[in-house]
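For reference, chains read A, B, C and D in written order, and residue numbers begin at 1 within each chain.
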Amino acid sequence: MIYTYALVAIAACVAIERFHNRRAKTTIVLVLAVFLAVAPRFYGNDAVFSVLADAAVYVMLALGLNIVVGFAGLLDLGYAAFFAIGAYTYGMLASPQFGLHLPFWVLLFLAAALAALFGALLGAPTLRLHGDYLAIVTLGFGEIVPQIFQNLTKYTGGPNGIAALDVPTFFGHSFGASVMPYYYIALFGIAAALWLSRNLRESRLGRAWMAIREDELAAKHAGIDILRSKLAAFAIGASFSGIGGVLFAAKLALVSPDLFGFQVSVLIVSMLVLGGMGNIVGVVVGSLLLTIVNSALLPQINSLVDATFHTTVDLSNLHFLIYGAILVGIMLFRPEGLLPNRERRAELHHAGEAAADA
Amino acid sequence: MHEFLAQLANGVELGAIYALIALGYTLVYGILELINFAHGDVYTFGSFVALGILVGLRAAGALHGAGLVLGITAALVAAILASALLNAGIERLAYRRLRKAPRLAPLITAIGVSFILENLIELWQGSAPVPFPNVIPNPQLQFGELEVGVQQIVVVALAIVTMVALHFFVQRSKLGKAMRAVAQDRDAASLVGINVDRTIAMTFLIAGALAGVAGFVGGVSFGSAWFLNGFGAGLRAFTAAVLGGIGNIAGAMLGGFLIGLLESFSTWLIGGQWSNVAVFSVLILVLVFRPSGLLGETLPEKV
Amino acid sequence: MDLPLSGADASVGTSTLDGIKLAVARANAQGVPGGFTFAVQALDDTQQGVHNPQQGASNVRTLIADDSVLAIIGPYNSNVAAAEIPITNQAGIVQISPSAVSDGLTLGKDAAMLRRANPGVNTFFRVCTTDSRQGSAAARFALDLKLKRAYIVDDNETYGLDLANVFARDFTKLGGTVLGRDHIAPDTQDFKALLLKIKGYKPDFIFFGGTTSTGGGLLRRQMFDVGMGKLAFMGGDGIPDIAEVAKKRADGTYYTVAAPNADRLPAAKRFVAAYKARFGSDVGPYSANAYAATQVAISAIEQAIETNGKKMPTRAEVLAKIPRNAKNEVLTPIGPISFDKNGDVRKPVISLYAIRNGRSSFIEQLNLSE
Amino acid sequence: MSLLALSGVGKRFGALSALSNVSFEVEEGAIFGIIGPNGAGKSTLFNLLTAIYRFDEGSISVGGVSIAGLSTQRIARLGVARTFQNLRLFGNASALANVMVGEHLILGSTIFDSLLNTGKERRERAEAERRARELLRFVGISGVEEQFARNLPYGTQRRLEIARALAARPRLLLLDEPAAGLNPSEKHELISLIRAIRDAGTTVLLIEHDMGLVMNLCERIVVLDYGEMIAEGAPQEIREHPRVIEAYLGAPA
C-alpha cells in the first residue's frame, strides 16, 4: 500500500516533468492533491500513513536543502543539525522537561526562526569558504550540534533525550495517537515548501543564487551582495529543516541525539542527488524514493522476498550494501539524477562534448 | 608534569595514525579535488588484513623469536598491498568514470562506496570488534619522567619513516613529479606527455598503501579492528588534512599530530565526551580564520 | 518482532532474533492449540546502520496493522522502546522486550507519560532487569569484593549512562568513594588518554557503564598499555562478551547479569545446546532473554486460544493471560518469569560473574524480590 | 568634473610592480581606450577599478567618490559595469536569465517579496524580462533568449555579456578586449554598438589590441607599457607619439 501511494506520487511528478503545457501540469497537481487528501479514507492504515508522513517530512527537508545546495550551490553536509535544532525546540518547550507546554503551532514558527538564526550564525563566518571547505565546516557543525545536545544532560536529557512530548492540539482537539494529522500537516508543509521553492527560483533572489552558483565573480560584478544572498539561502533552507524537526519530534513524541547524526545529512544530500539537484520536482521524487527504500523496503525486505520467491533468505545483513549500491549505481549511470533540471542536463551534455573533444 | 608527558606521548601516537590516514585524503584531494569518503574504510580493511595474517600465523605457531619479526612484517606488507589494491580498484571502478561529472557525483559515489565497504567488511568479519592478538611485546620504558611503551615507539617510528619516505618520493621521483603536475593542471600535464589516468591510479595506490600502514599501526595501537572504525577515524583524519592545508603533505602530517594531541588533551582536561566537539570546533575556527589550513597557500583567483 | 538487524547492532540483533526463532520453532513443533502456527515477522529498526526510534515506531505500526499479529517482541534499545510504547499501549497489544533496561520505560512519571493513551493499561513488559536494580546490585557486589574507590566511566548512551548514574548513587550511599566520572564520545578508539587521567586518581577499580562494543572491550584492553592491567574492572550485563575482545586481558573483570546462574538451571543448559545445534554459533548476550520473552508471549497466546474455544483470540485476551504471579510463572532459561504491575519481572535475580583465564565464572547471586 | 579619475595609481605583486603612477581622467560621455603590449598592466588596471585587486598607491574616484576600500559590489552600485577578457557568462542559464541577473541592482524586491512572490516581485519580474529582451535586441542578438549561454556562438556570447553589463544601467562601462576573436564584419558592428551605447548615455572605457578599432572608435587613449603610462592623448597624437612607436615597433617582439 505504501508503494501504491509512493508510485502514484512519483508517477505524477514524472508526468509534471514531461508535460510542458501549464494547464496539464496544474491539472496533475490538483488531481494528485485531491487523491492524497481523499484516498486515506478508503485505502491504507496507520502504518502506511505513518511512513508517508515521515516521508513527507523528509521531502520538506530535501526541499530546504535544495535551496542551499541546488539553488545557491553551497554544499552543506551538516543539514541534520538544523533538523535537530527544530526537534529539540519542540522537545524542550513542549514537554515535562521544563514544565513548558507551548503550543505546537507556535513552536512550528519558533523553530523555523531559531533554525534560520543558527543557519545565519553558522553561515556568517563560513561563507567566505568555497566548495569542499564549506562542506567540511558544515559537516563539523553537523557533528557538533547533536553532541552538544547529548552532553548538556541537564537541559536536553542527555543520551536518553526527552520522551513523552506533548501531543499537539488543533483548536482544542488533541491529535491523540492518530498519525493522520501529521500526514495532513506534512502534506500541507510540502505544498508550502514547493510554493516557496518555486517563488524563490523565479525571483530576484533566485537569480542571484543562480549567478553565485555559476560564477561568483561575475555575480559580484553585477552588484549582487554575495554574503547576504548566501546567508539568505542558509537561513531559508535551515528554517524548512526546523519546521520538519518540530513535525518529526511531535509525531515521534521523542527526541534523542542519535537521531540527527551524519547519516541523516548524507541521506538528505543523497535524496537531492538521486532526484536531480536543483530541480524541485526531481528532489521530491528523490526523497520519496529514498525514504520508501529506507523505511519500508529495507526493514521489510526479508518478508517481501520470502513472500515473493518462497525462500527463507536473510537479507538483513545487506541493508547497508543495498543502500550503498543504489547510490553508486545512480551516480555511475545517471549522475545528473533521475529528473535533472535543465541547467544540470546542459552541464553534463557539455561535459560529454568536452570529453569527446579531449 | 608526569601526566602531561604521558598525555603528550599518547597524543603523538594517536596523531601518527591520523596523520597516516590524513595523507591518503590529502593525496587524493590534491590530484582530483575529491573527498574520498571511502578512505577510512580502506584503512579498516588494512587493519583486518593485518589482523587475519597475525591470527593465522599465531595459530600456526609461527610467532616466536625471528618468526615474530617476520610475521609482523608479513602482516604489515599484506595490509599495505591489500589496501593499496582496494583503493586503486575503487578508483578504477567507481571514480574514473566520473571525472567529468558534476562535482557532487563523485562525493556521493564515495559515500556509497563507503557504505558498501563497511557492509562487506561486516559480512566478512561480523559486527563486533575483533581483537588483535597481543603479539608485540610492550614493556614500558622510562625516560626521566616520561614513561612510554615499546609499542608506542614502534608505532610512531613506523609512521614517521613512512611519511618521510612519501615526502621524498613525491618531491624527487618521476612519478611524484607527475603527480604534482597532474594536481596542478591536468590538461597541461597530459599535453607534456604525462599519462594522467596512470598517475591518478598510482596516487590511489599510494594513498591506499598509506591507509594500509595506518590500518596495521592503528590495529596494534588500539588493540582491535571493527567494521565501523573507518568512519570516526576517517573523519578525524580528514579534519587533520584540512587543518594542515589539504593537498599539502607536510600539512597533513602536522594536522594529524595536532588532532591527536587535541584529542588526548581534551580528554584529559575537559572530558572525553567533548573531544569530538573540540576537534570539530578547532576545524571550524581554523577554516574560518585561515581557510587554506595551516600550511596551505592561498591562490588568487584567476580572472 | 522489531530489532536492529543491520549496521553496528547487527550481531546482537541477529543473535537475539535467533533466540526468538528458536522459541517459535519449538512451539510449532510441539503443536499449537486450535491448529494455529506461529510465524516470525522480522522488521529491522536500523536506518543507515544505526538503530532508529522513528523506524521502530513505524515498524510497530506495520505489525499492529496486521490483524494476525498478537504479540510483539522487542525492541532492543531503550530509546526505540520509548517511541514504541505509546503506540503499543494505544493498540493494546502485548510487547515484551528482551533488553530495554532504562528505568523510565516502566517506572515513575516517565512511564506514566508513555502510557497516557490508555493510562489504565500496561502493555509493555521486559524480561531483563532495570538499570537501577542492576546498578544497586553492582554497588553491593563491589563492596563485597572490598573494592572501595571507584572511577566511573560510561559510554554516554542511554543504557550505559543510566547504569553508571545508579551505580554512582548507590555506591556512595553504601559507603564507597567515587573518585571521578567520565563519559566517552562515540567512535572513540583511543582510551589511553582517559586511562592515563584515571591512573592519577589511583582507584581500586573502574566501573564501566556501557557495552563491550561501545568501549568496554577496548577500555579493558588498553588498561594494559598504560600499566593498569592489574586493576579490577566492573560493568553490567553489557559486557559479558568482553573476553572475546580483550581475551586474557579481560581477567579481573566483574560483571552482573540479570538472571540466575545458568549452570544451575537445566532449562538454560538445554537452551544453549539447542541454540548451538540449530544456528551453529554460540548464544548471543540476549538470545536467552529473547527466547524467554517469546516463550512468555507464546504461553499467553496459547492460553488465550484455549479459553477462546480454540479460536483466534483478541489482543486483549492475550494481554490478560500474561503471567502476573507465581502460579502461572513461565519457566525459561533465565529463570521463572512473571511480571509486576509495571511490567518488570517479579523475582529478579542478579548474578555476579568474574573473568578468569579468559572465561566467565559465577561468583554469587542476589535475589531482589520486593 | 570627470566621471573616472585616477591619480598616481600603483599596484605591486610582491616584488613585481604591475602598475605605477597611472593618472588619467575619463570625461562623462567619452569613449576612452587603453592600449599597450601584452603584460602592460591593462587587465590589472581593470581589476583595480572593480576591486578584484586593491591598489597600493594613489587614488581612484568614480563620479567624485573614492573607491579605495570599497567592495566589487559597492563599486557596481556606483554605476560601474564590466565585461571580461575571457567571457564569464552564467553558462548553464538562458541568455535572458543572464541579462536579468545584470538587472539585479535596479530592482528593489526584498527577500520577503522573493519568498512570497508578492505583487511587487511579479511586476518587477515582468518589467525586468521586458527590458532584458529589449537589451538583447539593442545589442543585436534577439532570438537567442531561451538558449543556454554556453551554447551560443562566440560573437553572440560577447554581445550577451555586454547586454548583461548594460542591464544595470551603468554610468561607466568597462570593456575588456571586446573585439577579441571577432571577424572583421563583427568588429564593424561592434563599433557601431559601442557608439550607440555611448549615445544612450553610458561612458565607455575599453582595453583593446586591435589598433585600427581603437583609433577609429576612441576619442582619447592611454598607452601603458610595463605598468607605466607612456602616453595619453587623441588617436592622432598617440599614433605619432615616439614612445608609443618605440613600444610597439622598437622592441623586437
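Details
Going forward, contacts are C-beta pairs under 8 Å (C-beta built on N, C-alpha and C of every residue); 3 or more make two chains touch, one makes a residue touch a chain.
Nothing here was measured: the structure is a model prediction, and the numbers come from that model.
Using the contact threshold fixed earlier, the set of chains in contact with both chain A and chain C is B.
Of all chains present, the one whose mean CA position sits nearest the global mean of protein CA atoms is A.
The chain with its CA mean position farthest from that of chain B is D.
One finds 37 Å separating the Cα centroids of chain B and chain C. Centre-to-centre separation of chain A and chain B, using mean CA positions: 33 Å.
Chain centres here are Cα means. That of chain C falls 74 Å from that of chain D.
As a whole-number value, the distance joining the C-alpha centres of chain A and chain D reads 43 Å.
Among the residues of chain A, those touching two or more other chains are numbered 147, 150-151, 217, 266, 317-320, 323, 344, 347.
Within chain D, contacts with two or more other chains are made by residues 52, 84. For chain C, residues touching at least two other chains, in rising order: 7, 10, 48-49, 156, 183, 185. Contacts from chain C toward chain B in the complex involve residues 7-11, 48-49, 156, 182-190, 192-194, 196-197, 199-200, 212-213, 217-218, 221-222, 224-227, 241, 244-249.
By the touch criterion stated above, chain A contacts chain B in their complex at residues 69, 75, 125-126, 128-133, 135-137, 139-141, 143-144, 147-148, 150-151, 217, 262, 266, 269-270, 273, 277, 317-321, 323-328, 331-332, 335-336, 344, 347-348, 351-352, 354-355, 358. Interface residues of chain C, counted against chain A in their complex, comprise 5-7, 10, 14, 41-55, 57-59, 61-65, 78-79, 82-83, 86-87, 90, 102, 104, 109-110, 113-114, 116-117, 156-158, 160-162, 183, 185. Taken in their complex, chain A has these residues touching chain D: 196, 199-200, 202-208, 210-211, 214-215, 217-226, 232, 236, 343-344, 346-347, 350. Chain D meets chain A in the complex at residues 50, 52, 71-73, 76-77, 81-82, 84, 88-93, 97, 100-102, 104-105, 107, 109, 111, 113-117, 121, 124-125, 128, 148, 150-151, 164, 168.
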